[in-house]
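Note that the chains are named A, B and C in the order they appear, and that numbering of residues resets to 1 at the start of each chain.
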Amino acid sequence: MKKTVFLGALTAAGLVGGAAAAATLDDVKARGTLNCGVTTGLVGFAAPDANGVWEGFDVAVCRAVAAAVLGDPTSVEFVPTTGKTRFTALASGEVDMLARNTTWTFSRDTDLKFDFVGVNYYDGQGFMVPKSLGVTSAKELDGATVCIQTGTTTELNLADYFRKNNMNYEPVPIETNAEGQQQYLAGACDTYTTDASGLAATRAAFENPTEHVILPEIISKEPLGPLVRHGDNEWEDIVRWTLNALITAEELGVTSANVAELAAGKTDSPETNRLLGTEGNLGEMIGLDADWAVRALSAVGNYGEVFEKNIGEKTPIGLARGLNAQWADGGILYSPPFR
Amino acid sequence: MTTMTDPPQASFRLSQLIYDTRYRSYTFQFIALMLLIALMAYLGANLVTNLAEQGQNISFGFLAEPSGYDINQRPIEYDSQSTHLRASIVGVLNTLIVAFLGCLTATILGVVAGVLRLSPNWLVRKLMAGYVEAFRNVPVLIWILIIFTIMTAVLPAPNAFRGDDSESSMLFGSFAFTNRGVYTPAPIWGPGSLVVVLTFLASIFGAIYYRRYATKLLYDTGKLLPMGWPSLVILFVPSILVYFVMGQPISLDYPALAGFNFQGGLHIRGSLIALWFALAIYTGAFIAENVRAGIMAVSRGQTEAAASLGMRPNRIMNLVILPQALRVIIPPLISQYLNLTKNSSLAIAVGYMDVTGTLGGITLNQTGRAIECVLLLMLFYLTISLAISAVMNVYNKSITLKER
Amino acid sequence: MSKDNIAFHRTHMLPEAPPPATETGAIKWLRENLFSSVANGLLTVVAGYLLLSLVISAGPWFLNGIWDSPSLTACREMLDGRTGACFAVLTERWNQLLFGFKYPDELYWRPTLAFVLLFVAIAPVLFVKFLPHQLLIFTGLYPFIAYWLIWGGSIIVPVMALLGVLFGVLVYRRTLTVSAGVAVLAGIVGAMVFWWIAGFVTGSAAGFLALEPVASRDMGGFMVNLMLGVVCVSLSLPFGIMLALGRQSDMPIIKWICVVFIEFIRGVPLITLLFVANVVLAYFLPPGTTFDLILRVIIMITMFASAYIAEVIRGGLAALPRGQYEAADSLGLDYAQSMQFIILPQALKISIPGIVNVAVGLFKDTTLVSVISMFDIVGMIRGPILASAEWNGVYWELFGFAALLFFITCYGISQYSQWLERQLQTDHR
């Protein structure tokens, strides 16, 4: 007799699901929540805190989109995905967008039929070793045992790097960052490799972070960014320009503290006005209302604020802005103009 | 159109299709077939639409492309420039390796534990019961993780072996137990080693032949030849002679700490050990129960009859009980082997690169070809289990023939 | 001969002498059970040594255990170099281990209540001889109550689901006179139609008597293992019976379908089926349809378990003497009646140990969902708990706890099945 629950649930799910074939924006609005794919847990980027509330740099992007579209940064359903499940989750529509430190590559953009909406973190793959090992350069790692997360571009970069430098290594494949951390700390591998930001985040969670160094070599380009399904251009625009709004806001000096004040009336800067919807009708053009950017910004703050709050130098993760500074400050963060 | 193949009688009415037992089965089969076809068509249509919508297609071309990733345990030549197909084959071989090792160890463990569970010794009996219950009632995944944890978190890192007064030292100077696995000496096959190996193989056959001959002689004439020491002599003496005659072609390569890791010797990785032991101990508990049930299925009269003939307990076990019990034990034993092979797919939890790890793991991730990879993966396991089922059927047939 | 010729004769009975010391009490027991031969004695000593060393090494670990500390570092400080366990991780993360990290705190009473009610619901099934049959009504209602408690939402949904079932049964009863197969089919179609119509009602009255809804991806911990185990085993029983009957059927097409299905499912590891649920199933559903991962996993595990249960039941069917089938036919019973009254009750009885084995195996296999990034108890341990800065490095306590939970459940089930086997032994051999 218990099969009925199952069938009942199935019918219910079918009825809910039946409506999901329309455009993503309508789905999200109808559902009232944004389904956002994140990692299973990487402190600083996306991890649940002690109360189960997701926090982090990638999480902030999801919250900003939710605030822009739904008006509520908390109406986000975070779907933890592994390297293996993330693309299927997005392709099957289980999530509306993926904000899971995913590297923008040619084949992912074209062959896997996704669209990267931009770059929220310019990263590169690095190595972390215990200080006691006495290694100062990745070139000295010949013969080392390397812990590596499977299903990521890091795996391919690693193979390329060692082959190019004619070195041997012993890969120890691991599924999640948590496992990598355990293996590395237990000494089951000499070095742990992943994106430099991820290394910093992982190191921050160690008991004695100072006993580990991140080697200077960065062996790859890893532009990380949110992505959406290919083909739904309206939704893609919304996610893209929400990200750009965060970046532009920093450039224009709009913060979560002053956004309400600036949005109250017209300012001297026309671009600020356009961004905050007091001038022009940019919101309308992407299918939202005029206040969309105001909501996003007051929910999470501008790019700089998000960075400082989650992964910046004052946090345990302690990443410098580096490449991720605004273009005017010597970085390569450059948002197209709001016009 | 199944219903219509049978030409209806003149008096055939449509209602007979439901009410008449002669036709009802056709109706049902027709409905079932139609439902099946409809379901298939529905799923197929969805697949085609979904693929078209995402602009993808089903293609196995990716198998011929370079994989781009490295695998630590390589039974055959492989590097990151090899194809995905080759990576899958490496995975298949790794699966077979762990399955073979696991089955072997599980059988030994299971038979010992099963026999000891019936031992007259109370303490041993209870201990074995404890082992069987503890392992049968806890998921194998948890055992794999526990043994893996022992491997990585308890054993020392290779660094601990460094220096003169190191924290850890190698067993007999040749075995190193580290958290990256166990390093043991490996044989080096020099020129002429083939002769030694062939001699040894020939000795094995010789020993078997000698034992057969001795048994035959015993049955035919009642003359009792010694069995034990002559077999040992036949087994080892020629090989040892040849070994020295050929100038000691086989030597051992001892592992030594060099650079980051131990170099040389044979490296049995922690992931393999965790998987192998966990599967063996877990499956061993099930085999122990099969063995026990098999032995108990041999009626007590057999034991008593053998004892009344004056046979010693060892001989009773070997000559009377086990041959009869085997008939009961072997079919479930084979299905345990099958289970072990299927459970070896849990390798993914400890990063052992079996076929689930390569084809179903990294290749799937890197190429995004989920359908193709999972399909191939299923085909592989299906082939193995059908092959084992076929063996089992042959075996079952062979023992039914003997029955009266 | 007179008595006088005999030098000595006893005039009264001697009192019973106690048996020699070697033949009595503890010593006899020791001799017989532990030291009956030299080899046995050696074995005893070895086994005793092993046991003793285990106790000596694990004893202080248990006794010195710290039950209250905020983190591993704090715990190690409290232990101050002694051997000891940090059971504090269990107390501190208790709720996470049982309910996952996202189930709302204030709603823990709901799954707990559902868990308690589970015992009330299965008791009449487990102890069918000792409890009144009326209690079975509650068992029938339980799935709907449990669904409502765990997932929340409007009470209309489970009520409608229940009504759909009742409607289906009604249709089944009405059409039973035609033929069993038709009746089953009609019953299922009837229920489906009812649910389809009810879907509109539930959609419009979503807030009626509603508990706060909880999404299934917010569930985790041991709760997920229990849910998957209970749901999948209960679902797979009817499917398994149908598959077994189908495989025994003399209709070639139906038989063929069942054989292929069973052999396929039994030939692949569960983990590949979970991969299917996780990464492939979406391709086979209408575009845009998504449903919960947990539901997809339930479907796959149910299919998996059905195939195994079908094989067990097939064994039971095959073990029945041919005469039982013939007897049923000679009584003039049709297929459905003979199955319902003669064959299945006996076949199922024979199959009980096998079914319990499958159930236990299945329950253990629910831990595999951790591999596809679901946070069941193993997933919770490997993911959020071991990765947290506070508890990084606590292995034994956590894995030991998970192992203990499974051991208690599985050992309990297998003990019950042995008891039931004895209860059901009606043949007087």
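Heads up, the rule we're going with is that a residue touches a chain if its C-beta (ideal position, glycine included) is under 8 Å from a C-beta of that chain, and two chains touch if they have at least 3 such contacts.
What you see is a predicted model; the values in this text were computed from it and never measured.
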Looking only at C-beta pairs that count as contacts, which pair of chains has more of them, A-B or A-C?
A-C
Where the centre means the average of the CA atoms, what chain is farthest from chain C?
A
Starting from the mean Cα coordinates of chain B and chain C, work out the distance between those two points in Å.
27
Centroid distance [mean C-alpha coordinates] between chain B and chain A, Å:
42
For chain A versus chain C, what separation do you get between their C-alpha means, in angstrom?
40
Residues of chain B touching 2+ other chains?
53, 153, 348-349, 364, 370
When you check chain A against every other chain, which residues touch at least two of them?
84, 88, 91, 175, 182
Which chain C residues sit where two or more other chains touch them?
279-280, 282-283, 285-287, 371, 382, 393
Residue numbers on chain C that touch chain A, as the complex places them:
73, 101-102, 140, 143-144, 146-147, 157-158, 160-162, 164-165, 191-192, 195-196, 199, 202-203, 215, 217, 231, 234-235, 238-239, 278-280, 282-283, 285-293, 295, 298, 302, 371-373, 375, 382-384, 386-389, 392-393
In the complex with chain C, residue positions of chain B that touch it:
2, 18-19, 24-25, 28-29, 31-33, 36, 43, 46-47, 49-51, 53, 119-124, 127, 133-134, 136-142, 145-146, 149, 153, 342-343, 345-346, 348-349, 356, 360, 364, 370-371, 374, 377-378, 381-382, 384-386, 389
Touching residues (chain side chain A, partner chain C) in the complex:
1-18, 20-22, 40-41, 43, 48, 52, 77, 79-82, 84-85, 88, 91-94, 175-179, 181-182, 185, 205-207
Report the residues of chain B in contact with chain A in the complex, numbered from low to high.
53-56, 68-72, 79-81, 151-153, 156-159, 179-180, 258-261, 263, 270-271, 348-349, 351, 353, 357, 361-362, 364-366, 368, 370
Once bound in the complex, which stretches of chain A touch chain B?
83-84, 87-88, 91, 108, 111-113, 132-133, 141-145, 150-152, 155-156, 158-160, 162-163, 169-175, 182-183, 186-190, 229-231
